[in-house]
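Naming follows writing order (A, B, C, D and E), and every chain is counted from residue 1.
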């Protein structure tokens, strides 16, 4: 029976999205059922995976090496859990945010379950080429969602996003082709054994695959498509994109590095990735600090935060593994909360210039609270998921003696504090003159409290890490 | 034969270079379309006739029409003249060197012999009998790796939704495009054979080169022809039926995959007796969805309507 | 194989040209073309790889190519729609 | 012992955490209810702390352990040292709450203020009850965050600048501390606070690393404890409303740093190892430098709260000094100063707040003749100031007494010099204030009696008399001194 | 019963607090003092046993010893007299403050007399010192503030030294009581250091030169009753401290004792001479106090040096000190009485001469007692000091006459209390002195010994006073010291200016502000991200690099 869970996780949202598409108008409540059911499925899966054995579904029953398998191990299950939890919150948030009968609402409620299904599919996939398809699926669901904020504003961002995403996936596909030429299989589980070492094509394939994923994952210097897209999208969409979509790419990198590409990877390459990650942390934070628009601050923060996850590659010890993955979870929740809270501010102000935030602490207290709490996790202050992750990464860096990553971790945290508090302080700042301001409608409770709930969850992740990390377990390949 | 291969490869490279470096955008597009056709030709040479068909229909044909259509809609100023030759600047030179290095590495990598036979491919060929179709590619697409194909339908659908979001509101009654060389009567004359070819290609996919994609592309081509001649026009309203047909492929695929679980014990597996009819059913529904999606991508509208004469 | 397969050269060349084009071109349509060049190169490479099976071409890469083509085309079509919109952001009426 | 009883530290923590949550949830709307909740929470906490105090005296164990990460627990425990800090915080929280209610009457954003106020106390409770460095760090950072909105509460540019400085320093310090903790964790694994420390065996094998870690830890804590040159945030943070300054200087932030230093030296490294590493002397010198430097800077301040702030810089280092002297008597002095300085400094800040709130006085020049108008307030200020100078029978004398004895016993006679210099400098910057307040004629013609309102004066009197009482009745069995003596006995007996 | 001891310091404390609250009028303040003093007299008479309060401070012991019993008795007379004389000071705007300081000083004073342990002694000593500051500056004019400042500086300096000494002492034995002192010193590592610190600390209060400078400033600045208390009782704090907390006959303290002896005599003579060059009567009286305390230092120094045994020394010291309390207190109060009726002036002259050692007066007995304990040639010096003392007091009387204002004399109650005080001053030594001393004083030689210096002094005054034009500033050595300090401070300030510290800091702050203001403009320039073209270049580069790294690593 557990074998059905991965399949249902893909098919249920998919069918819901298709149904929504065929129906032709927005039915927000149906998505609540879907996201709720999705969460239920993930929880069931969680129970199944907790035993230590991954849950595997053989699609079509053709067996290895031909068929595509869906596999839920600890890592995948955690990402699914993150997705499911965020899906519930974001679906709720989107009811007031996208409500009404506008065509964009229908498009959102169509694309969102499809994106959910795509993400689930990506996390569950155990096949190199299938991953390519799911990557495309995720991208092509995400870009139209960005456009929902109004094509005129977002078309540049969307186009840039699309171009980079397409190039990235084709480079990835080139790598897949070369790897298939070497190994003769696409199954992730079989690849390590089947990949011959010492050839030219294998490492080149790995380089192509990694580069492709880096582009998709918006890792410095390929982040340039991200801020505009994530900053321009509607808040709920930004939350999905920043929390899940780019994360999916990094997830792949983690998964492939420790699995399929394990025979091919080298220490030097790991250091290079770590360097990229560290640069992303510093550069992204610095950029976030300099932005004058709220959502750009948050978007650049994503650039920075993704960099932390890359620090696994140079260190490659258990603590780093756990830290990187946990950072993914914590950042996902916190960033979603940040974007939703930022969306609330935007909703009230009608614009997101930072100066407009002056003295808005009273009408938007709850949203600001959410912003602040999520900020705690982003900064990596305790108690929060972000802190737990940072702790693990720090431990790893000191364990491996690669202390230079410590500097990046610490500096990144401080810079993050810089940009988070820059926003908060404006909210607290009493303007001398009554600022000209469009006092829009105060965001409703649903909007305010979903953001807060996520923010609290980001804090809570600092308290409940033990079972989650147990579930994640050690590095699949045993570490290099 | 080697000579022909060499010439083809050389032409491909030249066209690719032309496509990248042509000063005028139109020249680049034309070079790309020609390259697509030559590519199809090379694939025939490389024992992949069904892929050649697909490339010719979709990669060169449909995409070419789309590219040219877009080009026509660009503002007519000279901004799309570029001179991206390697000696135009430092950046170009560095990129060219980098590209060259990459090309050398890739070529060397492709040249390397595979130390082991491709296990997946061998298994696929070995299990062809159980797949319900004779054509290995179709078997892989619709049976062995049907899941990929299903997701691919999702990609198509979402690309369509995306394109519809960006489109500008359409004024009813306006034509998609100004008249072309094709006159409506000529189009009417060509329509039945083209439809027939398309349907045949779908049907033939089970046995010989062809299949849902190629057939769907040809059907879409027929639609494009009608649209170009003004017989068919985009509409800003979509009907339930249209959306149903667009989703049909994915829905049938999924439903078949799920409903038959009790019989087969696996998702997306088909029982021995039913496998062939199921394959055909799926193939046709896929073809319809593909054709409609591609057509709507071309018109850029959510719906279609017949023009009143 | 004795010499270098000319199609291998072509595949590598297509990919490299594509990347080069993506780097140096500014117009989004050109860059989209460049991306498609990369795609074509990859597909060609896959077909080359498919030839290596002793009894008939390997259907798996072929299926990959077919899927890839459809994905590439639909994404490109979407990109073209975006380019159209970007090129004339001001007029909302006449198409 | 039931589980609920054993989990007492958790309840103490929650009493203010929940209060904060409820206050936030209530919003601006219902001031009466909010005040009620505030006071009720403070009283409940006081009662809980009282029960715990009895329990600890009776030798009961209070410990809560929640697994956080694999191998790392969140440990809340109440040992004698934490009780010292907890009692102080609980008591002064009540006083400060009452004071703040009166102080902020009819000012905007009160819900926010009191929410963060409670949060701040919750964090302090956490710091006090933390059973290992990890837990300590969690609450240490939480304190940083909870205090920031209080510092910038007024929302002026100046407040913002102060807030920025505060954050820069404390977050930086937090980062350094984190590094130290991680390193230590890597070296020695998870370790609870144990009297006498747990690192003695490792001291021989890794002296250098341990020294480095010690430096990191102390630097991290030193930021909050305002050890020079890490004190820069403290004087600027005085733009906060008076109750916040009071809390900042007396209970929460500064004290948290000092408390952390105590924990590190006593319960992580242990006195012996600290001495063996040679770090005790370094710490003592740093503390001494801060004592002198803070006092010197205070002399030239003309703003009352600023002067008090520099005074805090100087005084809090007594605690570090006492600990660093590594000798039972000095330890008593340092630890008891934790309480004593709190009482005295809170009195002083309360008074400064009374002056500011009643007559708008901020600068020392304006204090002329204030003793006539506000005799009680000024009397309390006098008590606080004389206590700071170290005059008997006030609290400060007791601390200084033991510090001095400790210095002699440790054979560090130069410390006596530091203490004396500090006394003299304290006199130099406090006595002129007293002189002005009592003996200068007021500048305005109106010198009728105009005391601060009861809500402000009450807590001030309470704190002032408490500062007197702990000194006067230091010999009694229930004084902080007696408690500290007990504590130090445990620390030093093997 | 022995709780009476506790009552003594605490009763005025409570009353003082009440005074602060404005709940204590003129009469009740006076009543409070008198009530307290009645209790004090009771204590003196009843001689309650020691009181140990372990919970108070660091463990408090209150008790009376020989010297403090006498002094307590004297205090119980002086305080009411001074309080009654203070009369109007308790009223008016500053009355409340004065009352508080007055009562707190009383509390500290009495407590100091009683406390037998180091901590509480230090406590009372400090309370007394700092409350008395309020008395010194009560007039709230520049002179008072200046005097107050100098008073505080010396007081704090003294207290610091004391504290240091106390630390050294207490490190050995916690909070030692008087009884423990010899053992404690025996056990000390550095007894000379601890002893020296304590000695010096208390010497400030005693006005031992050169630490006497606060006295000539504080006395004239303070109101008359305050000066009386200051001069009569406060300075004795130092004496009590010496006697209680320094061991007698300790080898390491020999040197200190010798120096003290020297300073004592030096004070006795030099202060008298300096006083003769003063203008204001209260200043002259202040110098007289310095001089007398110098004499009182002598037996203490001998005691410390082991040249005198406590059994003989203590009564003498008590006698001398007690007499000085009463006589000097009364003499200060006399300043207010001088403008009144002739008999008042007569009493004043009598008081002055008593101090100088007029035959039959208590002063003679005090001096005689002192001399009786000394070894040669010290008695001669004491006798000689009588000349200077007489000179000084005559000078005081002269200045009183010349500067007398026409204020109305104090009221009846104050007058009577003053008279009682005067009588007590004259007669008390008779009650205390032992038989030998009495007989010596009554003997002819004694009378002659006592008379000729006074006569000589009178002669000098008659002959020389008119030619005396030379004066020195109040506080004698203070002025040059102050000039020196001021010059040093100026040069420090100059150095600060030269180093540009202030300016640098100001510039820094301005820079911060400018940075904060201009940040948004800056942002506009820096907001841009990496250019896309660069990114694509990096793409190829990274791809190649990664490939190479992987190939090399694989």
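Note that in this section contacts are C-beta pairs under 8 Å (C-beta built on N, C-alpha and C of every residue); 3 or more make two chains touch, one makes a residue touch a chain.
Since the structure is predicted, the reported quantities are computational estimates derived from the model, not experimental observations.
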Checklist entry - Common contacts of chain A and chain D? => result E
Next on the checklist: Starting at chain C, how many touching-chain steps does it take at least to reach chain D?
Outcome noted: 2
Checklist entry - Taking each chain's centre as the mean of its CA atoms, which one is farthest from the centre of chain B? => result E
Item to check | Central subunit by CA centre of mass proxy | outcome: D
Checklist entry - Where centres are the averaged C-alpha coordinates, which chain has the largest centre distance to chain A? => result E
Checklist entry - In whole angstrom, what separates the CA-based centres of chain B and chain C? => result 11
Item to check | Separation of mean Cα positions, chain C and chain A [Å, integer] | outcome: 27
Checklist outcome for this item: In whole angstrom, the CA-centroid distance of chain C from chain E equals 99
Next on the checklist: As a quick test, compute the distance in whole Å between the mean CA positions of chain D and chain E.
Outcome noted: 36
Item to check | chain A, residues touching no fewer than two other chains | outcome: 66, 129, 133, 136, 140, 143, 151, 155, 158, 167, 171, 174, 178, 180-181, 186, 200, 204
Checklist outcome for this item: Residue ranges of chain E touching at least 2 other chains are 533, 536-537, 539-540, 543, 547
Item to check | Sequence positions of chain B contacting 2 or more other chains | outcome: 91, 95, 98-99, 102, 105-106, 110, 114, 117-118, 120-122, 124, 144-145, 148, 152, 155, 159, 162, 166
Checklist entry - Which two-chain combinations touch? => result A-B, A-C, A-D, A-E, B-C, B-E, C-E, D-E
Item to check | Residues of chain B defined as touching chain C within the complex | outcome: 2, 5-6, 8-10, 12-13, 16-17, 19-20, 25, 28-29, 32, 35-36, 39, 42-43, 46-48, 50-51, 54-55, 58-59, 62-63, 66-67, 69-71, 73-75, 79-80, 82, 84, 86, 88, 91-92, 95-96, 98-100, 102-107, 110-111, 113-114, 117-118, 120-122, 124-125, 136-137, 139-141, 144-145, 148-149, 152, 155-156, 159-160, 162-163, 166-171, 174, 211, 213, 290, 293-294, 297-298, 300
Item to check | chain E residues within the chain B interface of the complex | outcome: 533, 536-537, 540-541, 543-544, 547
Checklist entry - What does chain D use to touch chain E in their complex? => result 161, 329, 371-372, 375-376, 379, 386, 389-393, 397-398, 400-401, 404-409, 416-417, 419-420, 423-424, 427, 431, 435, 438-441, 447, 449, 471-477, 479
Checklist entry - For chain C, which residues are in contact with chain A within the complex? => result 15, 22, 28, 31-32, 35, 38-39, 41-42, 45-46, 49, 52, 60-61, 64, 67-68, 71-72, 74-76, 78-79, 82-83, 85-86, 89
Checklist outcome for this item: Per the touch rule, the chain A residues reaching chain E in their complex are 160, 167, 171, 197-198, 200, 202-204, 206-208, 210-211, 214-215, 221-224, 227, 263-269, 272, 276, 287, 290-292, 355
